[in-house]
């Protein structure tokens, strides 16, 4: 369980996050959705102690973020950032190997090596494992960082836009793998997703944010409604059902075209 | 891999042997056992010099790798971050304030000054606009220039320009037994860095990743800073500043074998030792019986390599 | 024509320059040897004004070509290149031959080679409008280091005396001006500065950047090369007179941009030139007369200029 009490965060005078209280259930796949600039990344970084807490309290599995040593935290919670690029020249296997660091502190055992190979396999990186990161495509780099986070093998995984740069097949495979992981091992995953249908199809729990506040949270069916999503993104969407789950139509839906012709679409700039 | 490592080591040993044989006095290394004078030259001058060059080269190259991973920028070295100039400043302060103090006091003062100077550099680059990768080395070069001008001015006022001249341009012609042994400490510090190799490699992945993996970035930073400062201070006091070595060697090694420091640091050290030995040997041969300081040779060679690195097309993107 | 606010600045600066020149000339002048001292002082004064104005104007011109407030000819290695030429000359004719060459002729030849090299080197680096500015700066800084290192290298290959000759010209010294070159240098500099003034409206167009300049009908490439040639000549003159001056140009150009009401070159160039001359004359008066430390000015300027440079970087004023 991750519990957040009364969290506020500001940069200078600007409030970035206001009045956030949240408890994220264990053993579930949580999708964090919201428009650009809503504060999703900031919230994730605060949960992963990457930014200092200004007020409020966060506990992960009962461990208080403010007082738990960082290396103990690293065996409980892993985070993958939104922007993944490194200046250092590492091979894929070396990068993924660093995911095991919290467990062996520099003296890898056989089990660590197996975990690394398993993570490499899981993301289809075996053909590139010996290559340098700067010789890979954007999606392959993204998968290498995902594999590193997986190799860390923690009870909680926070993933900021893990689907970035991934093609449809790899995106689906990732979501399926996350769902599987949650189901089989009782681990918990929080992932920021922009394409709400991935949330609709795979997430157990959805948290919607806007302007630094939590707008809604709950089961996917409860949150992913027409009214809520249209409000959240300031753009009209339709929600139908498919396979017993919500299916969000926004790209080519007829209503959108009708709106366009009536000139009802909001200025996209408002979203940012 | 094994084979390449063996080849590299053989090359390093060969350079060391050549270094033993080259110099103003004509001696043959093979006669050392039978000829007392040859033995004397060897033990008092050639061997200390060879060891001093190898140690300084290895330590500088390693500290270059460290400073590059601390600031996450490939285009810096201990001589372009104000580190060496600060060490000279500390040394100058002790020389003026307490001229009689023993050598170790001077070393400690130089080390602390080097630490302060490097910390100042890190403070400055933290405030630079992000993503402007090239601004970091520029700021470092300018900071080095400013600190260097303070050193020159004070030395000039105190009539110590000659001392400072020796610190500012590295050369090994004055090395004899009893005058280089502190470089072993520099070598030791570089060896210590290898113990923390993984930590530095993780640190260069970014603060976020490092924290996510449970690393205390501040303490790794402090550790690296201490090693870099101690190495620079010791090298500056014993042989003087050696330009570009700490910058180009890590770049070249990373180009070939990447930044997994646990594997690459020994190679960095060996390459640094090899390059400096080669330059020192060239310096002894080029205008024999005079000597060309190694810093002059590296000034030309290092600047050329730097320009190549600067304009080399990045492997990707 | 400069606008009124700029005229006021120009008038004020001129007044200050005249004032400090008078102090320089007549402060503490005693009975004997009056005319000798006055001649000596007048020579130095002319040298300081020439160098100050040359560096200031060369820097403003260069910043216009580079479309950047951080680059200066010194930072890009111009003066190091001049010193390298000097060393190579010593190398090829020897010290005695070097001393026997007619200084004016030698000077003119050096200037010609400088113009050529600067056009080739910096024309390629900046000709199309430097895209990666930080990398361009870094290149320049390293080129400067490279030129200086080659100078040191070559002079050491020669013999120990040549090394001393090169060393003696490698540091700026506003206290000791190379008097033999003052007359030709001063005349050349005055000509170049006049040419820059005549070009000032075209320089305004050039400052808009390549795209705008070309679409406004400026012959961009030619203008770039012409401006670089002016810069090369001015830098050669000042380096020949006092040696390399490091960050002095950056400091002066920064002050000039602050003092000028607009960035029109008709105002900017005279203001920069006046500030450059004023700093050197007033500074040298203070350090030489009041503090009896004639060599300190260059160190102080270098220090202040370096800090100013770091300040610009941290403010993000890189472009």
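To keep things simple, chains are lettered A, B and C as they appear, and every chain counts its residues starting from 1.
To be clear about the criterion, a contact is a pair of C-beta atoms (placed from the backbone, for glycine too) under 8 Å apart; a residue touches a chain by one contact, two chains touch by 3 or more.
Computed from a prediction, not measured in an experiment: that's the story for all the values here.
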Graph class of chain-chain contacts, one of line, ring, star, complete, other: line
Centroid-based (C-alpha) most distant chain relative to chain B: A
Chain centroid nearest the full-protein CA centroid: B
Centre distance in Å when chain A and chain C are each reduced to the mean of their C-alpha atoms: 56
Interchain centroid distance [CA atoms averaged], chain A/chain B, Å: 43
Interchain centroid distance [CA atoms averaged], chain B/chain C, Å: 34
Chain B-touching residues of chain A, taken from the complex the two chains share: 45, 48-50, 70-75, 78-81, 86-91, 94-95, 98-99, 101-102, 106, 132, 134-136, 152
Chain B residues touching chain A - in the complex, by the definition given at the top: 69, 72-74, 198-199, 201-202, 204-209, 211-216, 254-255, 258-260, 262, 314-317
Residues of chain B defined as touching chain C within the complex: 75, 124, 127-129, 132-135, 137-139, 141-143, 145-146, 149-150, 152-153, 156, 243, 286-287, 290, 292-293, 296-297, 299-300, 303-304, 306-307, 310-311
Contacting residues of chain C [partner chain B, same complex]: 132, 134-135, 137-139, 141-143, 145-146, 148-150, 152-153, 156-157, 160, 246, 295-296, 299, 302-303, 306-307, 309-310, 313-314, 316, 318
